[in-house]
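Right after this note come the structures.
In the two complexes below, chain A is the common chain; its partner is chain B in one and chain C in the other.
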Partner chain A sequence: MPEYTLKLRRYSPESGEPAYWEEFTADLDGHRSVLDGILQIRDREDGSIGIRHSCRAAICGSCGVSINGRPGLACHMHLEEAQKRAERDGGVITVEPMGNMPVLKDLIVDMDAVHWKKMQRVTPWLIPEGEHPEREYIVPKEAMVDVTQTMACIQCGACVSHCLSMEVDPLFIGPAALAKAYRFVGDPRDGQQFERLRDLSEDPHGIYDCTHCFNCIEACPKGVAPMSQIMRLRRIAGSDHGIEDRNNGHRHENAFVKNIERNGLLHEADLLPDSYGGKFHPRAVPELLSSLPIALRGLQRGKITPKKALLHEHKAPQEVKDIFQRVHGHDTRFELNLYVSGKDEEQSGEQDNHDIVEGAQAHGTPSSSSAERSPNSV
Partner chain B sequence: MPAHDVLIIGAGLAGQRAALAAAGAGASVAIMSKVHPVRSHSNAAAGGINAALNVDDSWESHAFDTVKGSDYLGDQDAIEIMCREAPGEVLWLEHQGVTFHRNDEGKLGTRAFGGASAARTYYVADITGQALLHVLYEQLMKNYLTVDRYEEWFVTSVVQDDAGEACGVIARNIRDGSMELFAAKSVILASGGAGQAFKPTTNAMICTGDGIAQAYRIGAPLMDMEMIQYHPTTLAGNGILITEGARGEGAHLYNAQGERFMEKYAPNKLELASRDVVSRSEQTEINEGRGFPDGTVALDITKVPRKRTLEALREIVNIGRDFAGVDITREPIHIKPGCHYIMGGVKTDVWGETSIPGLYAAGEVACVSVHGGNRLGANSLLDTLIFGRRAGEHAADRAKGMSMPVPSEKSLADEQAMIDAIVRRERGVGRRVSEIKDELGTMMNEKVAVFRDQDGLTEAHAIVHRLKDEAKSAYIDDQGTVFNQDVLGVIELGYMLDCAEAIVMGALERKESRGAQFRLDFPKRNDAEWLKHINVSANGGDEPKISYSEVTMTQWEPQERTY
Partner chain C sequence: MKVAYWPGCVSRGFTPELHGSMAKVAPLLDIELVELDRAACCGAGVIAEHNQELADTLNARTFALAQQEMARGADLMMNICSTCQGAQSECQERLDASSEYRVRVNESLAPEGLSYERGIANKNFLWLLVEEIGLDHLRSLVTRPLTDLRVGPFYGCYILRPTDRVGIDDEHPRDIYLQQVIEALGGTVVDYAGMNKCCGFPIITMNKDASLKQAGRHLGDAKDADADCLVTPCPLCHLNLDLQQPAAEKAVGRELDLPVLHLPQLVGLALGLDPKELGMGKHVVKPTTVIDWSTSVVAGVGGGIGSRAASGEVGQ
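== the complex of A and B ==
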């Protein structure tokens, strides 16, 4: 049996000592998981190692940890793959508790304090309008398949663990809870779509607090693609319901898109005023004034030149214009979905439109094609 | 002392359904679980939930399939109730928000499943159990004012009053190690099965028979314990489950010689015969040398269109890739029968009442008995919900007009002393807990599996006794209070050993072959002598007692069982 070195972050709140690292060896087939390795060490050497675990098959969501700096399920990472990824650390598989949540003991974090509290924030239950029908609700097949992607979430917390926005703003509702919110917004049986969207748009820690860093999409072991769900919430809120939030999130997003369409490269000097309705809009004036000190510092340090700030010479090349034209040219928005992403190569006659949920939402999302991707098969 | 009208132990589907039903009936309710509710093992029920909801289907047909599947050991009154109430329950779930698969008209769509004469399995891709569990938890979050949740609390025993009625539990807060006595007018056990007594098993690590043993220890008889379901499609080595949905969608089974061997054993239903039949067929092929060198046969899912597989069987595509290194859309995957489900459990009536007043049981922990000798696929989710709800309603009703019992503080002190003693055990004197657990599981999987005989079972019985003895001095490493999973492991080992003892005794007692119990020394079903339930009851420190109870028949006489 090959041997693997596992370095575990240990912490015992009763000891009064700070956290420390401890190295162990596991000998198991390389296709067994990091969790199997930890459990072997527990069984043989040290039963006091704390880690939540249950199903061993990536369905219960208990064993969320960070392995060599990347969040995921311990049961969902092969030992040999983990070792390969740990090359920079000398092949030592380093396991520590998830981030953004307080540590209770060893690899166990307090999910109630963060994850579940945020979950409760999004009113996570179906609120149908009126009485239930006598039989089932009749809803489009595609709509149920669509929300099943967010039902695939196992609440492991891996996305929360490495959410950069949450690191900066601990009050950010966060990827898992917002993905859960989409599960209701996207469910045609729910009667509170507008109220939910307005709530999540107006909350300064809501959908516009995400900075598109993709960490949650990378982290998710189930292909839920939380960031894509957040972007869908924004598109439905802004484009379909015309919700102009007080955080200026929607206007800022529009200004950003138009800015790129016009310039190809971001012209930052325009972005701020455009986000507030243009340079001379009354809303923009105080914002511009308040950003003056930053601009001045930029000038002082040579990061901004008056010429660059006032004239943006870059113009969008034809390729960028083509992309915008193609996206705007669609009557319906295309959304990639986990459960319909598989192309049937054997039946090439079948059209691609089966692979995409057509429907309510907007321009192509940053790919959620993680259906074919696993942390173990990259 | 916390006090509730209805206290539910276990927060999988049965427990959560019971909680919602009891709260709906006006009781003050608490639900307690050793893991966060969404970590419960109901997650693993991938394929779906059965209900005769289509106009061209009937509950009688569903009930007959279940009776036949049970090899006539199921109680037909209970089966009738379950199948009659199934359509209403599926609609209730849909109304709560379960994202069931739809057909092209936007109505609920079905898939085929083993042992069923109609396609009556409703599903959410292949994450049905997970979807149900998470939607019920949504409802618990919604009803947070009426249902208190004790998440990550471990029950060490059910407490009785002087008259022998259940009046509460003692539990350990896993987070800080404190012990607490809870008072309750009714206690519902909904803490699942005991699959961890076998190794490998499809069951999660938490399935250690806690509730079965807790009820058994205070005198409730266990019924049909010998009936252990071996699922036909599990991965060799780690025991991970490949859903029956794969065969429901059209996958075939082949031996190493490329023969579709089910043609021999079940010419009509083929791969969709009931699970005991398919598992036995596979094991026969393997034992007679027609399996692969790793002791498996092949499940070929490439028969299913790739697009359909990716949409409806996504989870097992992942499992094949991540846990076996196989792309199931392109090549067959090696599988074998593996321990999956315990049909037996705490004997209850159709309202979940055990023989102990005030103590209820529902779900896999219980034996109503609707599964008899063999459970049909997609009937377990149904069982948890129907009997969870009924137990919740009945327990709430019982609590009405009752005054809150005051359980004795002495029991709390006793349990605290028990735990302190475990923590103080001298290290290195006895065996490690993990060694005993490992030996138990491996032994059970060898001697109490698909094929059994007197000699093997007798040995198994002796080994369980020895392990019980060794468990008394098994030592642990963790002396702490915060998340001391080590000390809980000792208590769980005790639960598993009690379950294993009852399983082996039942299997020794039943001198015939029926459902999941196949005795090489008694290869025929024997209705004249053994069409009855076997009950095992604790008997102080002495050898447990065996008794029998009648199988309730309503409209279906036993017939020869072919698929």
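== the complex of A and C ==
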């Protein structure tokens, strides 16, 4: 039986001692999981090792940990795969508790203090509008397929663990909860789409606090892709509902898109003031003043030249402008979600039968959405 | 080799030294750059956030322009920006996944006589260095080894994640290429916590404090690990790490003063180019720990951190 060395992060609050590392050996087949390894060690060597677990089959989401710096489920990682990844870090499989949450004991973190609080923050239940139907709600199939990705979440906290926005801003609502928010925003039975989105846009720690780092997409054992859901929330909030949040999220997005439509390439000197509503917008003035020393230093070093800052030397070719017009001119916004549609090769012989999810279709325009979203209430 | 070259926006905007240094380094590596000067911004994730199809179409157009160059003899498409790499890889993933979607997108390119064919090879300069030029060949070209220079790699999120989309696997350990390149150039790799983290740039206009704290924290971690400088393949990271460094210092309440180099600059220094022609004078944080300006000697300048490291004073 192969032997694997596991280095565990130990911490026991009642001891009064700081956390420390301890190495153990497990002898198990390589296809057994890191969780199996830890449980063997606990049975044979030290019954006090703390780890939360239940199903051992990547369903319950209890055994979230960080293995050699990567978040995931201990039951979802084979020892041989963990060993392979560990080779870069000195050859020892290192297991520590998830990040961004307080440690209760050894590998057990306080999910209540962070993860579940944030989950409650997004009102994770359906709030239908109008009278309830006599029997069940009837909704279009595509609309429910659209939210299945977020429904795959098993609440393990792996994405929360390595969220880089939360690392510097603990108040950030975070990937798991915002993915959950999309589960209701995208549900045609819910009647509070606008209210939910306004709330999440206006919160300075809401959808516009995500820094696009992809850590949550990488971390999720279930393919929920929380960051992609956050981008969809932004899309619907900004483009469908026109919500102008006080964090400049939507203004920044608009400024960026218009900047490219005009210039083809990003003209940075315009982006900053436009993101705050234009050079003379009351919100822009203090921002621009505070950025002045940086701009001056850029000028001084020749990084920014007055010519480059003031003139628009690069103009978008007409072909690029035409693309903007053409795509913006479509009746509905197209969104290809590979989680739903799969890839060509995987759909043997069904090359002509792809689901192109129409992102805006299920939501419609804000004015018409209530009727579309609650077909049984009319 | 000949590449269809996509420099991105920022390298021609607020980090002109990146575009300039790439142009200087390319001939030394025998790379012929055919610039895609009619192509548009990759969208940096923001256009995709606004309208996925728009971002996919703009990038399909860039790919189609590159494929025209490839039909005329270019080997592949090359970019010099982690964010372009990630944003373009994301669009390519969707475009390559569905023939039906490709048809739809290509309809928008048709008026210009362009069409994207599935499966373009689009590589960041970092990937090209390791996979096409090769570390051994790179090592053989070094005329001024970066001896004693302690360099912290800073990748940028878009070139690291999601690993399957950016093609990181056993054969292509693209998440350690920067370390490999630093070593091939004769430098010392500094291991620090922020290497694979986010510079904070995407939220600089939305949550400035959090954004600057990210930059400041990683710079601080590298500083604490006795780095002389950072190197990054991402000009957007460079904006937050260098241009915004004075503000980041305030956000984290400590002095940082850590120079940040673009990847072609680091390569250029080791290949013997003059720091001035690599645009090293254009940085907000002067690279005094990297270069002795009076002699153009690289690294380990009088009693600096590099020389301390060499004499074994630096403990972990």
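The rule is short, and it goes like this: the second predicted complex is superposed on the first by the 286 of 378 C-alpha atoms of A that agree within 3 Å, B and C clash if a C-alpha of one lies under 4 Å from a C-alpha of the other, contacts with A are read in each partner's own complex, and residues count from 1 in each chain.
Criterion: a residue touches a chain if its C-beta (ideal position, glycine included) is under 8 Å from a C-beta of that chain, and two chains touch if they have at least 3 such contacts.
Computed from a predicted model, the values in this text were never measured in an experiment.
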Looking at the overlay, what does A:126 touch: chain B (first), chain C (second), both, or neither? first
In the overlaid three-chain picture, which partner chain does A:60 touch, first (chain B) or second (chain C), both, or neither? first
Going by the contact rule set out at the top, does A:152 touch chain B (first), chain C (second), both, or neither? first
Could you look at A:139 and tell me whether it touches chain B, chain C, both or neither (first, second, both, neither)? first
Between chain B (first) and chain C (second), which does A:104 come into contact with in this model arrangement: first, second, both, or neither? first
Would you check which partner chain A:47 touches, where first means chain B only, second means chain C only, and both and neither mean what they say? first
Pick one for A:204: touches chain B only (first), chain C only (second), both, or neither. second
Which residues form the common part of the chain A surface touched by chain B and by chain C? 338, 341-344, 354
Touching chain A in the complex, chain B uses residues 35-36, 38-41, 43-44, 91, 94-97, 99-109, 124-125, 127, 130-131, 134-135, 138-139, 141-142, 144, 151, 175, 204-206, 238, 240-241, 305-307, 309-311, 314-315, 318-319, 321-323, 325, 432-435, 438, 476-486, 489
With touch defined as at the start, can you tell me which chain A residues reach chain C in the complex? 88, 164-165, 167-169, 172, 204-205, 208-215, 217-218, 231, 234-235, 238-239, 247-249, 252-254, 256-257, 260, 264-268, 272, 275-276, 293-294, 297-298, 301-304, 308, 314, 316-317, 319-320, 322-324, 326-328, 330, 333-336, 338, 341-344, 351-352, 354, 356, 359
Please give the residue numbers of chain A that touch chain B in the complex, ascending. 12-14, 31-32, 42-44, 46-48, 50, 52-62, 76, 78, 104-106, 108, 111-112, 119-120, 124-126, 128, 132, 135-141, 144-145, 147-148, 151-155, 183-184, 187, 189, 338-347, 350, 354, 371, 374, 376-377
Complex contacts: residues of chain C adjacent to chain A: 9-10, 12-17, 38, 40-41, 43-54, 56-58, 61, 86, 93-94, 96-101, 104, 108-109, 111-112, 157-158, 160-163, 176, 197-198, 200, 202-203, 205-207, 209-211, 213-214, 217, 243-244, 246-247, 281-284
